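Shared chain: subunit A. Partners: subunit B in the first complex, subunit C in the second.
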Partner chain A sequence: MNRIRRGRKKGGAPLLDARELRLEDDLAQNLTEDLVKNHALIQDIFRNCSDFVCHEIVSADGRKMLTLYIEGLINTEQLTQQVIGPLQQTPLPKHDTTADGTITSLQESVLPNSSVKTVTDLTTLTQSVLSGHAAVLAEGAAQGLVVSLQGWKPRSIEDPQGESYIRGPREGFTEDIRTNAILIRRKLQTNRLKVESFTIGELSNTKVELLYVEGIASETILAEVRRRLSRIQIDGIFESGYIEELIEDSPYTPFPQIQNTERPDVTAANLLEGKVAILVDGTPFVLLLPYTFWSGLQSGEDYYERFMISTLIRWVRYLFLFIALLFPSLYVAVTTFHQEMIPTNLLLSISEAREASPFPALVEALIMEVTFEALREAGVRLPKQVGSAISIVGALVIGQAAVQAGIVSAPMVIIVSLTAIASFTIPRFNFAVSIRILRFPLILLAGTLGLYGITIGLICMLIHLNSLRSFGVPYLYPVAPFSMRDLKDVLVRAPIWKMTLRPHSTAPENETRMPSGQMPSPDRGTKPDRKE
Partner chain B sequence: MSSDRQQVSGTEMGALLFMFLFGSSFTLPMAAVAKHDAWLSILSALAAGTCLAWLYAHLCQSFPGRTIIEITEQLLGKWTGKGIGLLYAWYSFHLGVLVLKNFTVLISSVGLTKTPTFVSALPLLAIMLWVTFQGIDVLSRCAVVLLAFIVLEIVVSVILLSPDFHFEYLLPLFDQGWRPVVKGALESTAFPFGETVLFAFVLPKLSKHSRAVKTTVGFTLAAGLLLWIGQTRNLLVLGDLVSNLIYPTYSAYQYVSIADFIERIEPMVFMTEVASVFVKLSICFYVTTLALSQVFQTEERHRAVYYVPIALLILEMNFFIYKNSADMYQFSEIWPYYSMPFQILIPLLLWVVMRIKRRTSAQTSDPHGKTPDQTRRPADGTGDL
Partner chain C sequence: MNIKSAFVTFTLLSGVLLSGCWDREEINDIALSMGGGIDWTEDEKLLGTSLFAIPSKVGVGPSSGGGGGGEGGGKKNFFVQTSTGENINDVFQKQQTKLSRRVFTSHRRVLVLGDRLAKHGIKNILDYYGRDPTTRLRTFVVVAKDSEAQEILKLRYPIERDPSEAIREIEQLISGTQVTIRDLMLSVSSEGACPIMAAIEPVTVGGSKEKTLKLSGTAVFKDDKLAGYLDAKETIGLQCLTNKLKNASLMATLPGKQGNLNVVGLDMKRKLKFTYQGDQVHIQVDLKGNGIINENNTNLDLSNPKNIQIMQNAVQKTLQKHIQQAIDKAQQDFQADMFGFGDEIHRYDPKRWKAMKDRWDEIFPKSTITCAIQVKITRFGMSGPPLQLQEQEVKTQ
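So, the complex of A and B:
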């Protein structure tokens, strides 16, 4: 009864029904010395699992043994070579034939595989078998051995699809959490890179790892992340998006508060800034936090190109952020309320073009923007072979044909296309989406209150952005709250030798990244420093 | 991590002050009576305003973390404090109504001429309410971002209007005698500089109390200079016409014409005006509700009970405070005298009382040799860390 109550969620159905409860009782038991009884229990736990294999063997000195594994989950060849072969051929040392001694000596002298562990309870045994181990039970021993023999092939490391760079490493994360952690470990070969492991999801038992660099990452943020991760109660986790939604600060906002990336180099660089990474098994998307508004406009490649180029590109992005957000609404406001702002010649051509269009600017803008969003969505979902069809049809809908038919005006087509281009200059997809969504309320405000409406909308956005925090870091940091020091990586991309300090928001305890005065010059090091 | 909630850093406080000074005064004429000598009036008003800002900030710095109501309660007794609190609640409420009124008149005369006042006032009040619910720290961070745009706009406007500058408009000096100049200075001291008395309610939120005076005086000077640049720009473009216009900035912007392409950019004034009025109105509203809650000893978490009623009252007052814009223009001449007690007399009185009390308590040497001034220093010092 107690367990049923524990399993109940507030007002909901019980988490476990009677059958699952019996299973849980099975799992709660320990292994006994009776192999037949163990066998029966395990068969009950894995009943109706046709991929479960329970293999009976006789060891070199005539003892009955069981090997248990899930077919396909482990490497059968290795199983034969490293477990079954030695068990059948190598006799145990004579001096140690007690029950527990058997297991110990099996582990020590018979099985050559290094990752052998003893288990005593069925829960651990079941869990190990399910996560790619083979288990060995021996007659007369109340313990079992599990051997890690992971047998499936993770996808090979490829250039990340969503974040491909012109210059930069060509490796991306895969679905396998071990590969991913190793990719980061290879970039940061230090014992200060810590990996904390969590298992989340009552049924999926997904492995989640928390990575940070000790001494750089802020302890307050780390404690908060640990607390929020351990608070999660859910049946399954299949993508880091689940974790993101379950641990973020403010759920009711279009803005992402946690960054995701497919790139080990981006992850490693962020870890060195004092951020924290969360790896989730089964997805190549690694979470990075805390996150600020400006990270949405930064790309890892900014740090690989020359700093002047990167600065200019950043400015272009800021400009196009405004265009992506405001261009349609400004057009609507200006053509509806403030025609005097348009230069006369331009006004003439716009009014000429708008003559044929039957819709007011507001409706026209909404129709076109929605059509564009639909086209974009269709282009993403369609299989590649049909994808080209969409671009042909799309060019007709948002293009010359629609203008010639007199349904929309030509300036509107240009506005929508420019907005579309602008929204693709934002490097982070989830951030670009939030900007695109906010365009619609702004168009409505512009159509009803003109520039006043747009200003009100922008101030609303500003209030909202300022009220957001990502793990204690204000969302608009370092602009508001203002920090001149950390602006060097937002307003411009300062040269690497100028960025001698880590951001104060994420690494308050250990700020020095490198000694200052490393500006390269042929004389550097040969002449005494001018300042001293 | 949450210690910075509801705390305002020096830069943010400065940005609040900056935006507060720009609210309304960005579009309205300052020292109109002085005509082309207005730039002199504003400069002298800036000097006076800086002294006032020093006075307010000095009061707040001497009593860290306390508003002017609590200071009065400590110096002059509980009931005097409550009376003065009510007076300031009214003053900030009235100022809020005036700010909103100025703005709605601006909208209905040059922006959205067919939109009813109710519709144009409502969005502004809505965002004001929202930001007040979010807290003064959110408002101050908004002010930082908005400030960047205002400064940028003034710099750009000066550049764009520079072909239309007529420096001879500034001369001759004092040709109407010194009386209009002094009158203009008085007017601009009361509006907008003296209105910063409301910061005696906001400064206690400053995270570094010991820097209150430096922050306030520094940013008042900077904001005043920029205001002066803005008003002088109007004067340089429009000349004596400035004193006859209700919205000289708006009119000046109409002169912009670069390559027949960038012209008629005056709706930009409108956008900046919305931003600065938003900050000013929110501060007036914040101070009104804070003063009320301190007078009636409402707990901090219950302060929200005042929000919606006061906001509705502001909206309602907006309809009947003036009969027409001539009435409004008339009142702007009374405003300096009406504001005098709030802006100068009460703070000055408090300052004098504080000086006397401290001197007497220092003379009646208490056994540990600590003056109240010194006992407060440690708390002051820890705020500095």
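So, the complex of A and C:
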């Protein structure tokens, strides 16, 4: 187990003040044979923790013992049945009254539970108690026992809210890292699925797990991920977003470089492509890396529907990506700079609608876009029951009344609505957000320089995208650098039986996914060596 | 290092921002010119007419639907502005002083040339339209036959938005001589052809004072001056000889009061053959084409191939007549090569053309043009003889 704890040892400024230092000294000590001293130390460590319970019992052979736990964190019923009961009823074998022997025989004959472990230092003991164990200390023993008696129930496995599919598994990750790892393990029942554990966060002591499939995932990427994870120094981690921001390649870009998902099936499929998953305790969002531009436009469901449908849907997404990014700016540019480009009758309709509007097209576009962003944000934050009220207000007030009152023109409302619909077709939320951000500078460029400005903006964007990398993989791969082979999952969604190779970018060492020639046909059984 | 990168950024930015003109213009700050007209006044000045759309009254948006209920057909969705000047720019400059919005000509569909201007010569107005970047090369050019451009543009054409739209639609629909500014430039600059364009004429609608417009044949120019007009039939002849007869409709009469018939979908293909005898050029035109009978007012049974032959002959004869009329007008009345035969000689026999191009205006009227026409009736509908005739009335042989 890799343990990442850095406080006083490295780093410039001391993280802990004098009071905390005393605590650190307490923690650094080992357990002694004197139960009273141990008791005092532990009470000092957990002083002012009203949820900490230190319970004194007398064992069957008259020995004083302590049970320590955090109230509510463990199952007290189990504690009584599995720990306190046996201790009080079963006497120790006579010959085992030595200090070390006590604990060993307790573990072997009184508490024959596989989750019982021996501890000798207070740090581990404290840590175990805090993470849902009950500890047992016996008089005359410089060791203690910790029993895992997790008493709180993680949220049950539910349909992932952020990524709901029409076809596909209905299970999503929960806040419990063990459940999440098991969900993945159940999809990939192989010993080659490796789980490396880290603890990050000086005070939160959050469990972080690194999952990959050995032999597929690139060793260089893995080494880089380990290096970046072990570099993190922070007081607490409460969401995988913390990790994402601390390990991504370029912070100053609107484009995400790490994917997050709530779905075990997506995670498992990505692991098989040679990607790496980072699980963080306390959040259902699992990080997947490396990430490319095109992953933002792909949905796991693409692989569950038949390939023609998925290809069509992908192209619809590509088209609507451009609409989401450019539609308002194109409208602004064309109506304020290039009126000759609009078909005459359309121009007449637009000019009629624009006749009464008090604002320039640029201002109008900005007002509407900002209003829409506000509406969306309000809709997300509000409880579901009130959320529908927002959409009514948005549709009626902004959509209809504003046009009738002559504050905004009808074409602008259509443009903004279509843009909104387009941005919802992008399956990855964090990617859609980056497109939303970029829309605004493009509108400004369009309003000041016309189509020329949009072109400048797009060129800058393209240069920027080309400069991005995610853990060594170029962001636009396989388009730039070009790889004909890996385009099969970008330009189209090739049939499953055609995707015989894994992406070269993430799985360079083990590329073969399946033998070729599996195109189904009625006579397949008679000609096993058929090539397609 | 910092100064250097700032310098590089500045240089690149100025390269990006200094390269073009900045012409932001809101849609409600431009006056959309939908059609234009040029006339030659009696005191020898140019009179420009522009037809502007009134945006608040043209579209289908809420403002026109809401308030316009009571006005109904009475609303006028365009207005016309005229001004005079020495040249086109002068005219437009003076026009701009009468307008609250900048004139925007990129959507001008039609340019109407007044009859008097056409007769006076159009050389002095062409440069503007060739040089001005906002003028569409696909603007249709027509001549106002026996009237002025401003008269045409001030008309009310009931079923279209404005008269310029009506002219454009008519041109696209039936005119055999759709001429755009680009075509006009090409024919003006070519040596062996003279410009032609459609002629539009204002007409009164049966009895009422309201005037609308009609397509009235073709205007033929010699050099840059209007030489005269062709009527609809002569226009068909002209189209045959210029290889532009496509999907035409033609009425043909059978000899000896046997009745008449109509052919549609008439497509004619031209083949030219030039033979030279000294200064005399002989032009042999072979025309081949297909047509469909869609009206038969004779008592002939079309299911008999012999009768079809009679019909074909009648059609060929009619075409021959139209073509001859057109040739006569070109050679005798206009003395202008409106068929573009000179261009064809230039193309096929450049050396000979070089020798004769200066005298082409004299050679063309004296050249002989003969036509061999072959029309094939491909279909005649589902019925052989006219349905209303009794069996004994039908002539099968």
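Following the convention adopted for this analysis, the second predicted complex is superposed on the first by the 512 of 532 C-alpha atoms of A that agree within 3 Å, B and C clash if a C-alpha of one lies under 4 Å from a C-alpha of the other, contacts with A are read in each partner's own complex, and residues count from 1 in each chain.
We adopt the following convention: a residue touches a chain if its C-beta (ideal position, glycine included) is under 8 Å from a C-beta of that chain, and two chains touch if they have at least 3 such contacts.
Every value quoted in this text rests on a predicted model; they were computed, and no experiment measured them.
**Student:** In the superposed model on subunit A, is it clash or fit for subunit B and subunit C?
**Tutor:** Aligned on subunit A, subunit C clashes with subunit B.
**Student:** Where does A:Gln404 make contact in the superposed view: on subunit B (first), on subunit C (second), on both, or on neither?
**Tutor:** Once the two structures are laid over each other on A, A:Gln404 reaches subunit C alone.
**Student:** Looking at A:Ile57 after the superposition, I want to know if it touches subunit B, subunit C, both of them or none. Which is it: first, second, both, neither?
**Tutor:** In the superposition, A:Ile57 touches no partner, neither subunit B nor subunit C.
**Student:** Is A:Gly450 in contact with subunit B, with subunit C, with both, or with neither (first, second, both, neither)?
**Tutor:** Touch partners of A:Gly450: subunit B and subunit C.
**Student:** Contacts for A:Leu229 in the overlay, against subunit B (first) and subunit C (second): which applies, first, second, both or neither?
**Tutor:** Neither partner.
**Student:** Let me test your reading of the model: by the given contact rule, A:Ala356 touches which partner, first (subunit B), second (subunit C), both or neither?
**Tutor:** second
**Student:** Is A:Leu348 contacted by the first partner subunit B, the second partner subunit C, both or neither?
**Tutor:** Touch partner of A:Leu348: subunit C, not subunit B.
**Student:** Tell me the contact category for A:Phe337 with respect to subunit B and subunit C: first, second, both or neither.
**Tutor:** Both subunit B and subunit C are touched by A:Phe337.
**Student:** With chain A superposed, which of the segments 113-121, 257-265 or 365-373 in subunit B collides sterically with subunit C?
**Tutor:** 113-121
**Student:** Enumerate the residues of subunit A that count as touching subunit B in its complex and touching subunit C in the other.
**Tutor:** On subunit A, the residues that contact subunit B in one structure and subunit C in the other are 337, 340, 344, 449-450, 452, 456.
**Student:** Which stretch or stretches of subunit A touch subunit B in the complex?
**Tutor:** 220-221, 224, 337-338, 340-341, 343-345, 449-456, 459-460, 462-463, 466-467, 472, 474, 476, 479-482
**Student:** Give every residue of subunit A touching subunit C within the complex, in rising order.
**Tutor:** That would be residues 335-337, 339-340, 344, 347-357, 360-361, 403-404, 410, 447-450, 452, 456 of subunit A.
**Student:** Show which residues of subunit C lie in contact with subunit A when the two form their complex.
**Tutor:** Interface residues on the subunit C side: 16-17, 20, 22-28, 30, 32, 34, 53, 55-64, 104, 106-107, 109, 134, 136, 161.
**Student:** Sort out for me which residues of subunit B touch subunit A in the complex.
**Tutor:** By the definition above, subunit B touches subunit A via 1-2, 4, 9, 11-12, 15, 107, 111-112, 115, 119-120, 123-124, 127, 130-131, 134-135, 138-139, 141-142, 144-146, 148, 260-265, 267, 270-271, 274-275, 278.
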